[in-house]
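Heads up: the structure comes next, in structure tokens.
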Amino acid sequence: MDSRAEVGAIDARALLTQAEKGASLWSDAGRRLAKNRLAVAGVVVLACVFVFAAIGPFASPYSYDGQDRENRFAPPSGAHWFGTDNLGRDLLVRTMVGGRVSLMVGLAATAVSLVIGVLYGATAGFVGGRLDQAMMRVVDVLYTLPFTIFAIILVTYSGQSIVLVFVAIGAVEWLTMARIVRGQIMSLREKEFVDAAVVMGLSRRRILLRHLIPNALGPIIVFVTLTVPRVMLLEAFLSYLGLGVQAPMSSWGSLIREGTLAMEEYPWLLIFPSLALSLTLFSLNFLGDGLRDALDPRSSKD
Amino acid sequence: MHMTRYVVRQLASFIPVLFVIITLTFFLVRLAPGGPFSSEKALSAEALAQINAHYNLDAPLWRQYVDYLAGLARGDLGPSMKQPSRSVSEWIAYKFPASLELGLYGLLFALCVGLPAGILAAWRPNTWTDQLPMALAMAGICIPNFVLGPLLVYVFSLRLQWLPVAQWDGFAHKILPAVTLGAVYAAYIARLSRAALLDVLSQDFIRTARAKGLSEPRVVLRHALRGGLQPVVSFLGPAAAGIITGSFVVENIFRVPGLGTEFVKAAMNRDYTMILGTVLFFAVLIMLFNLAVDVVQAWLDPRLRHG
Amino acid sequence: MGGDMTASAERLLRVEGLRTSFHTREGVLRAVDDLSFTVDQGRTLGIVGESGSGKSVAMLSLLGLIPMPPGRIEGGRALFGGRDLLRCTARELRRVRGREISMIFQDPMTALNPFMTIGAQLTEPLTVHEGIGRRAARGRAIAALEEVGIQDAEERLRSYPHEFSGGMRQRVMIAMALITRPRLLIADEPTTALDVTVQAQILELIRRLQGELGMAVVLITHDLGVVAAVCEDVVVMYAGRALESASAVGLFAQPRHPYTSALLASLPTLRGRGAELYTIPGMPPDLTEPRAGCPFAPRCEHAAEICGASPVLEETAPGHWTACVRVQRGELPVEALRVAGEDEGLRAP
């Protein structure tokens, strides 16, 4: 009997290392991603946008709320590369600072949705049975709620606090994440290396955290890269409606709103923030598509 | 037979969900700081008390909640607190048609552009007839409608002067808003239908159809499209709901007198009854769309019909 | 060439030097490499080989059903009714498919369109190829279903594939393939996905209809038992090539290629109970690797230095063609090749 268990454990160990050989899958995926020119361009642009937003404001002689009444609606020039707005504020700096807000909201809200979604989905998928059914029923019900509307209510009532924008958006986006993670865990649970881990006597918690979640990582990463642009879009949408970031603070959405009001005479006010937002969204989407193709071997043969 | 029973069961399941939505919205709106009349400083204390009494706002919260539910049970959404000239139901009936019309045009545009684009792309994958529509679809997803809308206005109304702007009568006024609203959905539909068609085209029964000597158009349109439509149809539920309820921005850009604008105004004004009424109305709409999608899907896929 | 013994029979299909490859990221995979065979009117040819030996790809190539790209037909001829199928336009080929040559596939569960009624799928070849009216097509469809032994045919026309069992679906596939009365039926592992009891019924059905309609059949299979049961001629394929071609009787009586004999030896049904099962050592070759010589040589227990030369099919006995250089040269006496054991082992499954 003992020797049997021993043999089982040896087999199990072999299977586990096999599961951990996922590493080679990752390097394969990395190579495929590096070959995808659009995805690589996306990464480069994202890096530039990040530097632009994070460091840019320090390099500028202007501040985002410094008004210059003499220089209202100045077109792009050597002094003001992006021109100035209705209060003579430098649009370049305002776009950089707006980028901070947009990126921060995008990342933070995605992080919120990631944590909730992964924990919820993984629990449902791993425990299974009645609990799973009940949890997924809750998700189904939440899906039918008009969430954009709730986000609007939340944001108007929160005194337009940015933190609440994070929470509101994160709370909207976790549902799909939960479904994806659950689906992944359910299918992985059937795989042999999980049986192997059970044979070796690992705790359920450890199996879930060390073996299942890492193996479900691919789809999660893809979904995250595709969630960030959606979330940024939602923030921009709220700001556009005047519900998000409040003046004199700026975000890309609020800048675009100001731009549309003056686009007839001063089109640069619309063009630059729109460009910044769209470029970032393009890059994130290309990266997300590239990651999906790279991580899904089925889709990679053509 | 099965379908009728399914629809009835789904309709019944709406009731508890709607109850949850009402309760959630009610307390969310009430417990937050501020109220419909708190910002009107000109009001004397007596006048305020009078108004509060008139709208039942001086009763304990649970009492107000019960009263509201009782009103709902009678089909009464109450009066609008900030625009008392009409009741909430009347406001919805007055403002929704424009939103609905805009939404239908937007959806029509999304389908008429997205579906053919997706089919074209799947026809010869990885050639320019695939890459061009897919690049456009990516643009549709990455350019937000509040950028696209002003851009279209700038080009077609201000520069080219082909189309009028900022009014809501006559078909010509509705083209740009519909395109702006539908663009992102057209993009998603194109991507979804392409992926689904490619998936179906790789299946065995397509090889059977080809082995029968059918022409390529017949293989795609008659044998593959039905399966390829499935994900598009399931996307249409949330999309239709999103288009019709989520046209806030487009209504704002093009000054469409729709319910979306009304809702944002109500949210900012703390018009309690108006917020609750519109949320409820939108929720019912979304659920009905999802149900319609289920039915259409069962009609498309015989395996679901009998199962 | 398998048909040379019956020179009187009319030749229906003659394939010469067919080469099909797939150009993938990993390299060029030569799935079919210089394959030649003939099919005679009204006869049944079995093409036997392991999975990946190129037998299905060869048949799909003839009908232009290879996905291109990545597939590519590099050369060869396929003469059928005075035409070269490999040089037909897409339109000409469509007129052959489903009308003169029909094909049925391995998995009846996935080969029928789940979104269309059986009736719509059955009548499609008729409306496309014969342009007949809906009512007449319906009548033919009912007759076709009855022909393959489906009860309540009229009722069943309105059913969807998921309402049928696997065996019934394969019957529907057969009815659909034969509804235009083709001259050739290509059956690609038609029984592999079915229960054993159903397998025999389907084979019996194909054989019966073949007799009634006088058509030729190419039966692709990896199962020598199936070949023994229904085929008159056999081609043994390995790594995209034909290694042996003979009448079924001749082949089972005396295989003249080491691979065939190894295949026969590894049939579990042919061995006595308790005897150790024979397995061919090694793995089939990687078809993306360039190679010279006999593809089976690395696994062949009779391999010698001479096997480095590329073998071609040669007639080593009347009507019996072999692509083994050592057998051709008489170095390897065929008696040394394992002969299939007791004949009663060769019953149909």
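For clarity, chains are labelled A, B and C in written order, and residue numbers in each chain start from 1.
Basically, a contact is a pair of C-beta atoms (placed from the backbone, for glycine too) under 8 Å apart; a residue touches a chain by one contact, two chains touch by 3 or more.
Since this is a predicted model, take the numbers as computed values, not measurements.
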Interchain contact steps from subunit A to subunit B (minimum; 1 if touching): 1
Highest-count interface - the chain pair sharing the most C-beta contacts: A-B
Subunit A and subunit B: spacing of chain centres that average the CA atoms, whole Å: 24
Chain centre separation (subunit B, subunit C; CA means) in Å: 54
Between subunit C and subunit A, distance of the C-alpha-averaged centres to the nearest whole Å: 52
Residues of subunit B touching subunit A in the complex: 17, 20-21, 24-25, 28-29, 32-34, 125-126, 138-139, 141-144, 146-147, 149-151, 153-154, 158, 241-242, 245-246, 248-249, 252-253, 263-264, 267-268, 275, 278-279, 282-283, 286-287, 290
Sites on subunit A touched by subunit B in the complex: 141, 144-146, 148-150, 152-154, 156-159, 229, 233, 236-237, 240-241, 243, 253, 256-257, 259-260, 263-264, 267, 270, 274, 277-278, 281-282, 285-286, 302
Touching residues on subunit C, where the partner in the complex is subunit B: 63, 65, 94-99, 102-103, 105, 107, 110-117, 124-125, 128-129, 160, 162-163, 173, 176
Subunit B to subunit C touching residues, read off their complex: 203-205, 207-215, 218, 222-223, 226-227, 300-303, 306
